[in-house]
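As written, the chains take the letters A, B, C and D, and residue 1 is the first residue of each chain.
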Amino acid sequence: MKLTADARGVFPIAPTPFFDDGAVDHASIDRMMDFYHGCGSTGLTVLGQLGEAPKLDFNESLEIASQVIGKSAGIPIVVGVSAPGFASMRSLTRAVMDRGAAGVMIAPPNTLRTDDQIVNYYHQAVEAIGDDVPFVLQDYPLTFSVQMAPGVIKRIVDDLASCVMLKHEDWPGLEKISTLRRYEAEGAMRHISILCGNNGLFLDYEMNRGADGANTGYCFPDMLCDFVRMIGEGQKEEAHDLFDAHLPLLRYEQQPGVGLAVRKYVMMRRGILSSAAQRRPGGALTPAARSEVDHLLTRLARHDPRAGKLVA
Amino acid sequence: MKLTADARGVFPIAPTPFFDDGAVDHASIDRMMDFYHGCGSTGLTVLGQLGEAPKLDFNESLEIASQVIGKSAGIPIVVGVSAPGFASMRSLTRAVMDRGAAGVMIAPPNTLRTDDQIVNYYHQAVEAIGDDVPFVLQDYPLTFSVQMAPGVIKRIVDDLASCVMLKHEDWPGLEKISTLRRYEAEGAMRHISILCGNNGLFLDYEMNRGADGANTGYCFPDMLCDFVRMIGEGQKEEAHDLFDAHLPLLRYEQQPGVGLAVRKYVMMRRGILSSAAQRRPGGALTPAARSEVDHLLTRLARHDPRAGKLVA
Amino acid sequence: MKLTADARGVFPIAPTPFFDDGAVDHASIDRMMDFYHGCGSTGLTVLGQLGEAPKLDFNESLEIASQVIGKSAGIPIVVGVSAPGFASMRSLTRAVMDRGAAGVMIAPPNTLRTDDQIVNYYHQAVEAIGDDVPFVLQDYPLTFSVQMAPGVIKRIVDDLASCVMLKHEDWPGLEKISTLRRYEAEGAMRHISILCGNNGLFLDYEMNRGADGANTGYCFPDMLCDFVRMIGEGQKEEAHDLFDAHLPLLRYEQQPGVGLAVRKYVMMRRGILSSAAQRRPGGALTPAARSEVDHLLTRLARHDPRAGKLVA
Amino acid sequence: MKLTADARGVFPIAPTPFFDDGAVDHASIDRMMDFYHGCGSTGLTVLGQLGEAPKLDFNESLEIASQVIGKSAGIPIVVGVSAPGFASMRSLTRAVMDRGAAGVMIAPPNTLRTDDQIVNYYHQAVEAIGDDVPFVLQDYPLTFSVQMAPGVIKRIVDDLASCVMLKHEDWPGLEKISTLRRYEAEGAMRHISILCGNNGLFLDYEMNRGADGANTGYCFPDMLCDFVRMIGEGQKEEAHDLFDAHLPLLRYEQQPGVGLAVRKYVMMRRGILSSAAQRRPGGALTPAARSEVDHLLTRLARHDPRAGKLVA
């Protein structure tokens, strides 16, 4: 099964679980996959920006991707293959596609500036990985320093049939979704799936602008799944109530650098990961930050019983 | 009265009111000043990053600063004097100090990279404006692309006695406050005032890390004043409840580019500004964005009667 | 007389002469103008990037531009009006055009990234200064961090009739000249003047690619004038011989930061400026650098008698 | 044999030879090694910035490094191991050191800004590769956007005993060499080897500032070897004459992007490489550029018989 432009719902971005000594924690991967399935995830992305991919060597990356694919239970698995060189990108892509991945995600190198440079880069990437591999275009200027105007995304979609999804995490980004959907409505661009990242910070309004769901790693992916479902069922204000209850913690987790430590800590508290450790070099919560996260969970517990279980 | 390192509370960042034709709206400035005084503001900053200062010529800048100073009612007025050249910075500084400003705010030019370059720049700025003028160090890497390690701030504070306040808007920034306050506790750095910007996005925990208050322009500065007061009075959870109720809107306004349009729109809705116009070239809310802000206000009205008045 | 797209030859970029105490040295401006006329300059640019413009206040800028215009002797004077805000840009533009400037030069702010952002900026600039003012588009990515693809320059030329000249200083930049001239040859873009900057580092081949001359501040502008003239007269190898003799010094002066100190030092040695001083904050040659420049002049003296006079 | 702080002379940066179809050309590697030995190279660096390393997969990289090490004939071979993640950096380092490399070269990722971030990165890199592996610190802000103040280099040298060489390619960079050598003279920093890159553009004066030689890939490495030797023998003006004769071509090759195509073309013309091809995606000389290089070679032939052989 390959990824298509009809993808919808929530594709969590999976962290890579490690033991405290830095070894990959495969049991936690299994547990995490069960958890994501239980949430109602419609797909999954591994080895993304917050998956600590650069700290993994090729064999580890392949092993993790393979384990996740093996536990996919029929939902599409997308693998992050961003790399400084096309040789590595191609090797990892071919290997994971052979093992059953549904597609790959490609972020732009942070040296790209002009529209032509960006479009050209994706042409080269497709030449490297093969035009039979569906890919997700990651648009995350805050982290990658690459700014893609809507017209650039349109050019990539027009030129490259294997581009089937946008991982939308521009900021501000609401108007960009509206612009892309207007292109589609006017018949100027074919339809692609738009799933939103950036920890979900604007998911509450992104859905209304035409996004198809979320593709991010917030430590309560079950909330993201609920939110998308409730919006789909027309329970708008209830969906916003749930979202707003999570926003203080979600915003805290969205901080660059600190965010992954928060995510792993909460996922450990929730019993999904056995350890909050990051492989070296990595961050960790200071005692002050940890007490802030605990405070946020306590306050969230008043609104969401899933947090309540953690603070009883 | 000059700005000192003991400054506390909330110094709102005032927008510059314009009529739809781009002329400065002086009546709105008076009304805005009355409003800020009514909120309990302990100081005020004009001609900051979101004050559209680069669109004002020298005489307009001076006129606006003078009007604000004339309505200061005893609270310190800080004037943003960031400029690409020291000649302009000096001219504006001397002129506003002559008219009664309490100090100036200086942001770093976005070409600075190394620690030495940053420290050296502030030495040159103080040489230009005079070491008798108290200044606020603006630390806002997201907008200015200049990253100041805590040790760099310490060097500036150590070297330059006229640095009395940090406008803290690094992101993530909580640990930076803790580090600076630890320097002080260890006797390694003299005390400075730390007021937080970044639209208040982390004010709920910044206070606990040792910040003295806020220095930002959120469209409900009265909430910021309430929050800081309640924290001071020990009403911690009630303060968080108020903050969290505002967070969905506050986060929406914190978006770069879009934010000023949101701020001016809400301040117009609140009767403070006569127009939400920005001087050209400027942004405006799309109909979709405007309806999202209205939705956020409606939801906020359930918790804060100040929003309730807008959606009756 | 207004600047047109037919401009050719050499427009030196004039430095701003200061006395050691930082005061503007008006006598040196007069002497410098006589020198430039004696060289065969076909135009002149003041208040450019290396004219220390940000250290001048508005009145000083206007006074210097007026003096230069007063000594123009019929050649077009272009004034750099780049500014962080359109209010300042407009004020200076209107003032210098009223006094007889032939046009203005506008560099992009270093925050621009996408093609649309760049094109949009020049639309806004023309709206600010008026579409009756001929302007020079400065394309200098090394200093301004803004990368303009040839297609972006074409869009600006297509959209804005008052864009009559490109100050070309992209690096590498030879193919860009060829591309722009090909657009013209194919009838896809109207003709503009292309004068080359970047201290002339590639002028030897830029002429052959279709450039109309130079627009830069090398301390031997007479060499630049000779080179352009000799190429025009078909003395190709002799022109290259002259250029190559100057290349070691020219390359040394092209160093960012250090370059202006070299330029002013040599122009002082040549009797054009009374002092090599830069207004504070500015650079100065270290003793080691000064001895390297002296060594370069001594070696140049073997090939060019104009250097010989300095080392007798 | 391991790389030490006493390294001197010329360590050419070897390109990676490819056939037109993108396959690695091992015969050209052997020929290139013979050529470098014939020039008088005192060391060699492979898989550097212009060695197209990101286009090689792990096994290719290892194979090339092994072949070069096998042909080292007793001179130290340095291998570029810069990578986005420490896992890859470690794997390649351990593999090449096992095969007899003398040390590795590490460039900073282009996201580093503050002094502490840079120093911290090299601590982490040494932790990853092991403190028994001598490493070369690459300081190339033009390409990597990382600015290292002299004090930062000093901190790295102070903290990390395995840092034995600086590949100096800051620009401007002459004063940096003087500052580092002054640190040494004052006993404030231990001695390290400083070899200069940046295509040798300032090698003529870098030697006088205290550099130990060159570490760059100019297409006439024999000229670089001659120059360093002549300076060592006190033939200063003759050395400058040789350097200046090459400067027009050297400057042309130093252009970013275009440079590698020039280098490979000339090395093919010289009979060292069988093809000028770069692996895809790569650049190639346009006909205009090729004719400019031919012109530069023709003019160089008047001064250097090694060029003369190419234009007979």
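Going forward, a contact is a pair of C-beta atoms (placed from the backbone, for glycine too) under 8 Å apart; a residue touches a chain by one contact, two chains touch by 3 or more.
On a predicted model such as this, the values are computed, not experimentally measured, just so you know.
Undergrad: Looking at C-alpha means, what's the farthest chain from chain A?
TA: Here the answer is chain C, farthest from chain A.
Undergrad: Between chain C and chain D, what is the gap in Å from one C-alpha centre to the other?
TA: Between these chains, centre-to-centre, one finds 33 Å.
Undergrad: Could you put a whole-Å number on the gap between the CA centroids of chain B and chain D?
TA: Result: the chain centres lie 48 Å from each other.
Undergrad: Among the residues of chain C, which are close enough to touch at least two other chains?
TA: In chain C, no residue touches at least two other chains, as defined above.
Undergrad: If you connect every pair of chains that touch, what shape comes out? Choose line, ring, star, complete or other.
TA: Shape of the chain contacts: complete, all pairs touching.
Undergrad: Within the complex, which stretch of chain C touches chain B?
TA: 53-58, 60, 83-88, 91, 110-111, 124, 127, 280-281
Undergrad: Under the stated contact criterion, what part of chain D meets chain B in this complex?
TA: For this pair, the touching residues of chain D are 113-117, 147-149, 151-152.
Undergrad: Show me the residue ranges of chain D that touch chain C in the complex, using the header's touch definition.
TA: 171-172, 174-175, 178, 201-202, 204-205, 208-209, 237, 240, 244, 247-248, 251-252, 255-258, 286, 288-289, 292, 299
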